[in-house]
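Remarks on the structure that follows.
The letters A, B, C and D name the chains in turn, as written, and every chain counts its residues from 1.
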Amino acid sequence: MIIKEDFVRNVVQPRPLKSHKGTFGRVLLVGGCSPYGGAIIMAAVACVSSGAGLVTVATDQNNISALHSHLPEAMAFALTDRERLVQELLRADVVLIGPGLGEEFLAQQSFELVMTKALSRQTLIIDGSALNLLAQKRDMDLQAKKLILTPHQKEWERLSGLTIKEQTPEQNQAALADFPPQTVLVAKSHRTVIYGPNGQIGELTVGGPYQATGGMGDTLAGMIAGFAAQFSVSSFTAAAAATYLHSAIADELSQTAYVVLPTRISQELPQAMKKLSAKAGS
Amino acid sequence: MIIKEDFVRNVVQPRPLKSHKGTFGRVLLVGGCSPYGGAIIMAAVACVSSGAGLVTVATDQNNISALHSHLPEAMAFALTDRERLVQELLRADVVLIGPGLGEEFLAQQSFELVMTKALSRQTLIIDGSALNLLAQKRDMDLQAKKLILTPHQKEWERLSGLTIKEQTPEQNQAALADFPPQTVLVAKSHRTVIYGPNGQIGELTVGGPYQATGGMGDTLAGMIAGFAAQFSVSSFTAAAAATYLHSAIADELSQTAYVVLPTRISQELPQAMKKLSAKAGS
Amino acid sequence: MIIKEDFVRNVVQPRPLKSHKGTFGRVLLVGGCSPYGGAIIMAAVACVSSGAGLVTVATDQNNISALHSHLPEAMAFALTDRERLVQELLRADVVLIGPGLGEEFLAQQSFELVMTKALSRQTLIIDGSALNLLAQKRDMDLQAKKLILTPHQKEWERLSGLTIKEQTPEQNQAALADFPPQTVLVAKSHRTVIYGPNGQIGELTVGGPYQATGGMGDTLAGMIAGFAAQFSVSSFTAAAAATYLHSAIADELSQTAYVVLPTRISQELPQAMKKLSAKAGS
Amino acid sequence: MIIKEDFVRNVVQPRPLKSHKGTFGRVLLVGGCSPYGGAIIMAAVACVSSGAGLVTVATDQNNISALHSHLPEAMAFALTDRERLVQELLRADVVLIGPGLGEEFLAQQSFELVMTKALSRQTLIIDGSALNLLAQKRDMDLQAKKLILTPHQKEWERLSGLTIKEQTPEQNQAALADFPPQTVLVAKSHRTVIYGPNGQIGELTVGGPYQATGGMGDTLAGMIAGFAAQFSVSSFTAAAAATYLHSAIADELSQTAYVVLPTRISQELPQAMKKLSAKAGS
């Protein structure tokens, strides 16, 4: 299936009048360890801008000031505070782990804690270095987890064992069988493909090389988290809609920009989503 | 009474020519403890943007850099500096306590200090976690305090004992009798209602679900503080006018934005207030 | 004399083609101690935006991150580093001391160091709390200093001994005789007046109550420093031109803004100065 | 040869459709020590905005928060972490050392490490204080390094021994012979000239005194790094194209700005490069 604008229009509906912050979900983002502090900032900006109700960031203590400079709208605490991490984890509807997490000791520890404690009702998005940590722990018990994986080709190779050449739609779909039944795969490349648990395959015809800049993946992951938190749709639909919109906005911006900075995409999100929702009823 | 634009136009009058910073009030904002540093930043941005003369923020030492990144216009000191807290408290015309204050030891201590030392000439706005702290200390002597309370439904439940279902206009009005005689209640919900000490009830017909995002309440509290500081009107009138304008700006922005970020509202404040004041004389 | 646009047009001339950073002066700004970190940030933003060649800020170590968030164009070091302070002081063409300096021990120490070491070729602008420190040290030997004083009425009272009522043009002019012969006074009030060493009096007919917000004075002081650094005119002319432009920009912005934030004035500076210089030749 | 727009159009080509971050190069920037933290921030903003694929900054630990406030897109680590410095150095395609590096002990140490370990396949851009450090170490073995030097006149005097008066095209070209065979010289003055290893001389007819502000050189160095990283052209061509575009954007902005702040140039980069690439095919 080619994901087009009408697919996203069915997702980004006008909001119910009687609603409050809780209606649009509580998201926990985990990452941003040195030297990758900016990654979780970009994910958080995307998540808030896409309309998540309440966003909390667990990151390096030294990263919180820059995060708040961009985004006072998010809450933030030090990743070393395990007690709070568990507490926030249990309250979240959606957890995104990985943007700028790194693979050092604190990253590993946090990853294991999140993977162990995540609840079956939660959507758990695994991105960036958390995918490598997962590849190292393929014996971990993941059953009853609702996963969205967002690897680029090299990360997917580590995770699935498929070399980049072997990453055909058929092989990717087959490899998904090694993950919990509800798992969604966002296989990022110059033409990203989304695989769903019931054999769905979503392809994009938008996106291009103006997106080839550091932070694009972090922004996409934040958007997927925001969509999963607020829209009552399947993980596949949330991920496909977010991925489409991410690239569609970049496409639009690339009409006047040689390179599209990730934070520019997030800036456009409220306007782009409004346009879609205005057409939703029509 | 439905609060409409003409109500606000009577408040946001052209400024007197002979005036200086002091003319427009001195505000002290207290809050922004980890993990809620951004909350007091949003309140302060709203307070300065709405035209308060001099704004000082008492917050977590680690939060000051991000605050100044947004707002060099505000002064800021560490909430742990009790001596300065007392000193600034005594100089203030308006005190706002609560946005991102939390309920930990330093928060409790600061709350008690503010509640004990606040002067009868001051407007004291209690928001966010400070409302929960107040609920735990209902035996506190509040007489002679000029309070504005800004709870959402759950906070009002804790404070008034009224379940959310019981929070009808009649019951809310009745519950106000348990507070000092001049108390104003801004009962936030998807349709916020403002209750005054003389039985006034202000209702809004603006505002909507695009406001359901973290930080909206902090921004509103900052605006109420700014209005109370600079306009010679009753607490009810200041709170009602600020609440109306907050939602009216969000309404306007929502024409082109799916979700309205709180800081966007503050950005629009000077322009929106100018339009109102230009019409004031007409 | 009423300072009007043509006065400023004679100052803001097109730049010489053969020039480099040094051509437009080296400015040292001293201030921004807790809780006033934002003050020196606003002064520095104004100074750089007005076209000073090289701007260095001596401030609280904790304030440097927020300063650089606004202004990577400025250099910055901790005010506690006395050795560097002396070194930068001796290299500067213009020194501005006072925005957010405070009156605590480090402030006093820095003030005395600057007043003692400042060279006769330098323009020394004394603003904010540095004016109070000067009032406490009226026995200091100031001869051979080229001073610009920028007090508001209360600060001028402390410095001159004149009560606010007594601050008439005649009395202000007379009081200037107690300062070194080249001293310029920018007497700030709702209608600021600039007094020169040869009996010049510059009056403004621009400016208004939309400027009555914290940080306006810091921004003005930064602009005066920037003008004194780059234009080959007298201190009186630099101060009068900067003061006019500061108010003229605020006037223009106030057409669409109820309150004009100081940082907005600095944003407009390059455009406003370009317009003036384009008319300069005509 | 006069460098004109068509020269740059041949460089800034439309991007290949099949590409990823790695396609556009990995850049390591080294600098930003106190009091010059802002310098490396401006270089990094320019480098990312010009389209480099992955940008990592080695700087003062205290500078990382402000860097991320401007640019979450870059990675950053403390310059004191030598192990990581070596690791990132070996992975880089382009290394820029110097903006705000200073000449203190850590700067010297880092400079020597970079000069010793840099690989022959890497483009090594030496700017700012690193040029002075190089002047002090003219006995260093530089053979097999691919250097781009970006001195202003005084720095070039220290490096080449040529007084400013002696810096004629002929003498500059001759002095280049003392450097490794592939070295490119960007001799900055009010009319910058670029010298290539095969006798090429690139002259500019754009640029002007509105660029005479702190940080212009840092921005140019970041752009050269970005161009060298992503375009498959010679160092001379990358440097000349970046230098032209830097001045051309400043020229354009100067139509409405008396002084052009360096960060404004970086903001315009994606748009300006898009315009060039759109014309590239025509």
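FYI, a contact is a pair of C-beta atoms (placed from the backbone, for glycine too) under 8 Å apart; a residue touches a chain by one contact, two chains touch by 3 or more.
On a predicted model such as this, the values are computed, not experimentally measured, just so you know.
Chain centres were defined as the mean of their Cα atoms; on that basis the chain farthest from chain A turns out to be C. Taking shared numbers over all numbers used, the chain B to chain C interface scores under half, which places it in the different class. Rounded to whole angstrom, the centroid-to-centroid distance between chain A and chain C, based on C-alpha atoms, equals 49 Å.
Put simply, the C-alpha centre of chain C and that of chain D have 34 angstrom between them. For chain B, residues touching at least two other chains, in rising order: 65-66, 69.
On the chain C side of its complex with chain B, the touching residues are 34-39, 41-42, 45, 62-63, 65-66, 69-70, 152, 189-190, 208-210, 212-216, 254-263. Against chain A, the residues of chain D that register as touching in their complex are 12, 15-21, 23-24, 48-56, 64-69, 71-77, 84, 269-271, 273-274, 276-277.
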